Amino acid sequence: MSIRIIIPIILLALLALVPFATPGLQVLLTLALAKGIAVMGITVLLRSGQVSFGHALYFAIAAYGGAFTLMLLPGADLVVVLLLGIIAAALSGVIVGLFVTRYRFIFFAMLNLAFSMIFWSILEKFYHYTGGADGMRLPRPTVLWMELERGAYELVMFYLALVLALGLGWFSMRWLESPSGQLFRTLKTNETRLQYLGMSPQRVMLTGYVLSAFLCGVGGIIMGLVQGVVTPEYAFWVRSGEMVFIAVLGGAGSVPGALVGAAIYEIVRTYASAFAGDIWQMVLGIFLLVIILFAPGGIAGIYNGLMDRAAGKKEEGE
Amino acid sequence: MNLTLFLLALFDGIAYAALVFIVAVGLTLIFGVMRILNVAHGSLYAMGAYLTASLTTFIVSAGLPPIFAFPCMLVSAVLIGAVIGGPLEWLLLRRIYHKPEVLQLLVTFAIFMILEDVQRLVWGTQPIFQSTALQLLGNVRVFSVNYTVYQLILLPIVAVVLLLGLRFFLRRTVAGKVILATTEDREAAQAIGIDADKVFLLTFIVGAGLAGLGGALASPTTSILPGIGADMIVLSFAVVATAGLGQIEGAALTALMIGLGRSFAVYVWPETQVLVPYVIMVAVLLVRPEGLFGSPSARKI
Amino acid sequence: MKKLLMATATCALMPLAALAQDKPETLKVGVTAFLTGPASVFGVPAKDAAEIMAEDINANGGIQGVPLELTFIDEGAGAEVLTTEYRRMVENGADAMLASISSGNCKTIAPLAEDLKVINIMWDCGTQKIFEAEKYNYVFRSQAHAGTEMLATVAYLLKVAPDFKTIAVVNQDYAWGRDSWDIFSAALKALRPDVEVVGEFFPKFGSPDFSTEISRLQALQPDIILSTSWGGDLDTFVQQASQRGLTNTSTFVLPLAESSLERLGSSLPSGHIIGARGDHYWNHPERRDDADFQAFMAKFEAKTSAKAIYPVFHMSQGLAALQAAYDKAAEANSGNWPTEDQVIAAFEGLEFQGLGRPVSLRSDHQGIEAQLLGMSVQGGDLPFATLENIMIFDGAELTAPVGEESVAWVSSLKPGWVDTLTVDIYEN
């Protein structure tokens, strides 16, 4: 087994031990995993060459879906809340997708932005139903119909996020290699060829778009359930920007990179805000600039570079 | 709605549209030439406003006549374009033109984040209000409603002059024609010997200067405080996409639509005011997928 | 020199500390406030004030001999960073938390504090809904809520302008702007059912331009214009309105304008109603002659070169509540350092005083805080408006009783209720 594969396995094992080794990091990493799953959605889209500046929409729809489920069906179980939230996100993905998949590049990015901002305004306007800027609470649901204390619940959410991140990450990578994923990636390299093959680029785009909406939804509902509250800020353009930011940080197009990127982003942001006080934005901005200028392949690029070098050295030694 | 109210809404809409156009046209120009959606545009706008307010306050406290508030705006715009815009392009953006568009955009996003904190470190968190220029021009009374001359008359005039001036610059001067050629087809322009580096630097300085000018002109009418840049960016983005890539006439028309839409919304159905720019954008792109004045790009096979 | 004195004081206290075994080295308190973003107009002065106050408390031997150690969390960094930092601080042994400025953050943090079993004092947020919806053991509020504040505003308005006929509202479009109008309009409907609401505008939060609303208001010519906006939004609105003469034709009611007086300078003319979210005013008529008040104001002005505004007062109340609870609990524990449960028990019915009148806590942990309103007046020695015709209302009479919902309670008031209120009037 090569070192390239061993390191991620060691990292994963360490991650699984976090709740026992460093419980202080557990919630932070749960949030990072939730964001990471959402960022995987952006990563999938990036493989078709498109950037969305409005995918926070699905993040928010899932979380609000969960909040409404808990409000209308008090005592709903975690499984029900998760499913309904994710279904809401995926369905909206189909509806919005039917419209926006006709567009490319800036128009695609801006239309997604417009839809997320319209949803954001609606959340703020209909404050009698959505709680306005204060948002809605997601009281702790039962887990498989068992009442859990905060500690146990957070532990469950951590492992749930971890399992979902791995499962969905694996699925996304497999999908991108599948025939329908390959067609999707053709959108980036040569869309016209797709048309000559008799395919509808719009339909090809739609499958990927719905997958990305679904992934963002999974991230959103986990985030909402862990935070216990969802606010319109979930749908704001800055959050969409943040997702793209993390996707690039992790390595544009790399699914595992999305997860690692999210973890690093969350840690840098938290510590920057704890130790740099009111200049955390500047710290984050400089961090981003350094990554783009000196390591445009993101974390995944750095990692592969290091591994190639290590492999090269080994070969030389042999 | 009677005629008076209709006219009042019209005036408000035009005044607002003028400001939106002045800010968005710089972004449109940069986008048209460089294909970079400059998120830092919002920061340049905010810094233009802060700088003008500081300069005006300095002039007033130095006992100079308040009329100098107007030259202060131009000085700020030029400073923002040359001192901040120029180095940004030269030191940062120039390194990333060969990289994917997402990365270019994220560089400007990073610059935006850094500049947001720079503003706070320089100008603090308390809102600043410096309306010397606005007060100097006084009010005009229309249908028993007071308007400021500054907003009702001066801003629209500046917007129109800017539109005509830019048209003249782009169509009638060599530098402008070179910029326009690069907008139309970058590769062809380079093939006939246009120095793209110079064009990009010039465009970015002009675009950044226009952002600064927008901020400078907005400064007497509003409180300047952290976060004003972020709000302007989203609005300008909507204008750029609706207008069609790099179309300044499109930007003018879009700004007018947004301005009028917004003011009529306040009169008829205030709750929908925030939605106006997005609804206009979605509606326009539904009918014209390349934007108002955009043309379908050639397909590469 | 100061350090030397502190060191000496610490040394002198050492033997005492050794006797009481449980006494921690420092009392760790986390404070959340906006240090970035538009609401930093409140957060930054509050942080400055907290630092001065902590210094003062520690110079006087700390809380029961234990020095106070404040750590600040930026609310402007977003809800995730806020809750993550909050947890981290509590898990690292913070003894109490003061959170927060934003009502939304209070709603997020109240259940979190309950889960984490940490004392949380809600020191500044305005929403009335937290204790109306749920019962908390660990969460207390050292100030009034929107219900009390809005009702005081209505009462003042009815006392000084009993005959107005029409009103329009221009509030920020977020929870505070909506909630405050819900309460205000419910009260108005109950107390003056004949008043006509001619316009309701909710421009978006952080709006740079109110020109259209102002044109509309000039055409409508309402007697009264209410705006519960604050910070940059309020400044912009008042400046644009005064520039275009709207302030001459309508009376403005601005329940949060105390925090903008200095920035507005000469733009805010005389004769408009100014509120302060409690009895908070740098020239508080009942407190301005007290030595502690004067000493603090001098220090605050020296540090920030600005007058103290209401978040400063709220911060003083938050810290005073904490100190009073520890003192009371220690006394009940025959002078020994109290356990957390003893401190929580001490909060029950606690009375404490910050820079304003004394505040008391009810059985639902809601603070009862007096309310001060006044009329703006220009032309004093200062380059900005001050207050005249100041009224200080008793908070208890303006707050919905325990277990009742504010909007419903306010709606049940009868015309003439205003005349039953206890009020102290000061000329300036």
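Which chain is which? They are A, B and C, in the order written, and residues in each are numbered from 1.
One rule holds in what follows: a contact is a pair of C-beta atoms (placed from the backbone, for glycine too) under 8 Å apart; a residue touches a chain by one contact, two chains touch by 3 or more.
As the structure is a prediction and not an experimental result, all values here were calculated from the model.
Colleague: Based on CA centres, what chain would you say lies at the far end from chain B?
Modeller: The most remote chain is C.
Colleague: B-C or A-C: which has the larger count of contacting C-beta pairs?
Modeller: Answer by contact count: B-C.
Colleague: With centres defined as the mean C-alpha position, give me the chain A-chain B separation in Å.
Modeller: Using C-alpha averages as centres, the distance is 33 Å.
Colleague: Chain A to chain C: how many Å between their CA centres?
Modeller: One centre to the other, that is 38 Å.
Colleague: If you look at chain A, which of its residues touch at least two other chains?
Modeller: Those would be 124-125, 278, 281.
Colleague: Residues touching two or more other chains, restricted to chain C: which are they?
Modeller: In chain C, residues 36, 173, 204 touch at least two other chains, as defined above.
Colleague: Which chain B residues sit where two or more other chains touch them?
Modeller: 120, 271, 274
Colleague: Inside the complex, what are the residues of chain C that reach chain B?
Modeller: 36-38, 40-41, 44, 173, 200-204, 206, 208-209, 211-213, 215-216, 218-219, 231-233, 235-236, 239-240, 243-246, 263-264, 267, 306
Colleague: Going by the contact rule set out above, which residues of chain B touch chain C in the complex?
Modeller: 4-5, 8-9, 11-13, 15-16, 19, 120, 125-127, 129, 131, 134-135, 139, 143-148, 151, 218, 221-228, 231-232, 262-263, 266-267, 270-271, 273-274
Colleague: Under the touch definition given earlier, write down the residues of chain C that touch chain A in their complex.
Modeller: 35-36, 72-74, 76-81, 83-85, 87-88, 91-92, 103-104, 107-108, 111-112, 115-116, 127, 173-176, 178, 204-205
Colleague: Using the touch rule from the top, collect the residues of chain B that touch chain A in their complex.
Modeller: By the definition above, chain B touches chain A via 31, 37, 39, 92, 95-96, 99-103, 105-107, 109-114, 116-118, 120-121, 230, 234, 237-238, 240-241, 245, 271, 274-275, 278-279, 281-282, 285-286, 289-291, 299-301.
Colleague: Please give the residue numbers of chain A that touch chain B in the complex, ascending.
Modeller: 46, 51, 99, 102-103, 105-107, 109-111, 113-115, 117-118, 121, 124-125, 190, 192-193, 237-238, 241, 244-245, 248, 252, 278-279, 281-282, 284-286, 288-289, 292-293, 296
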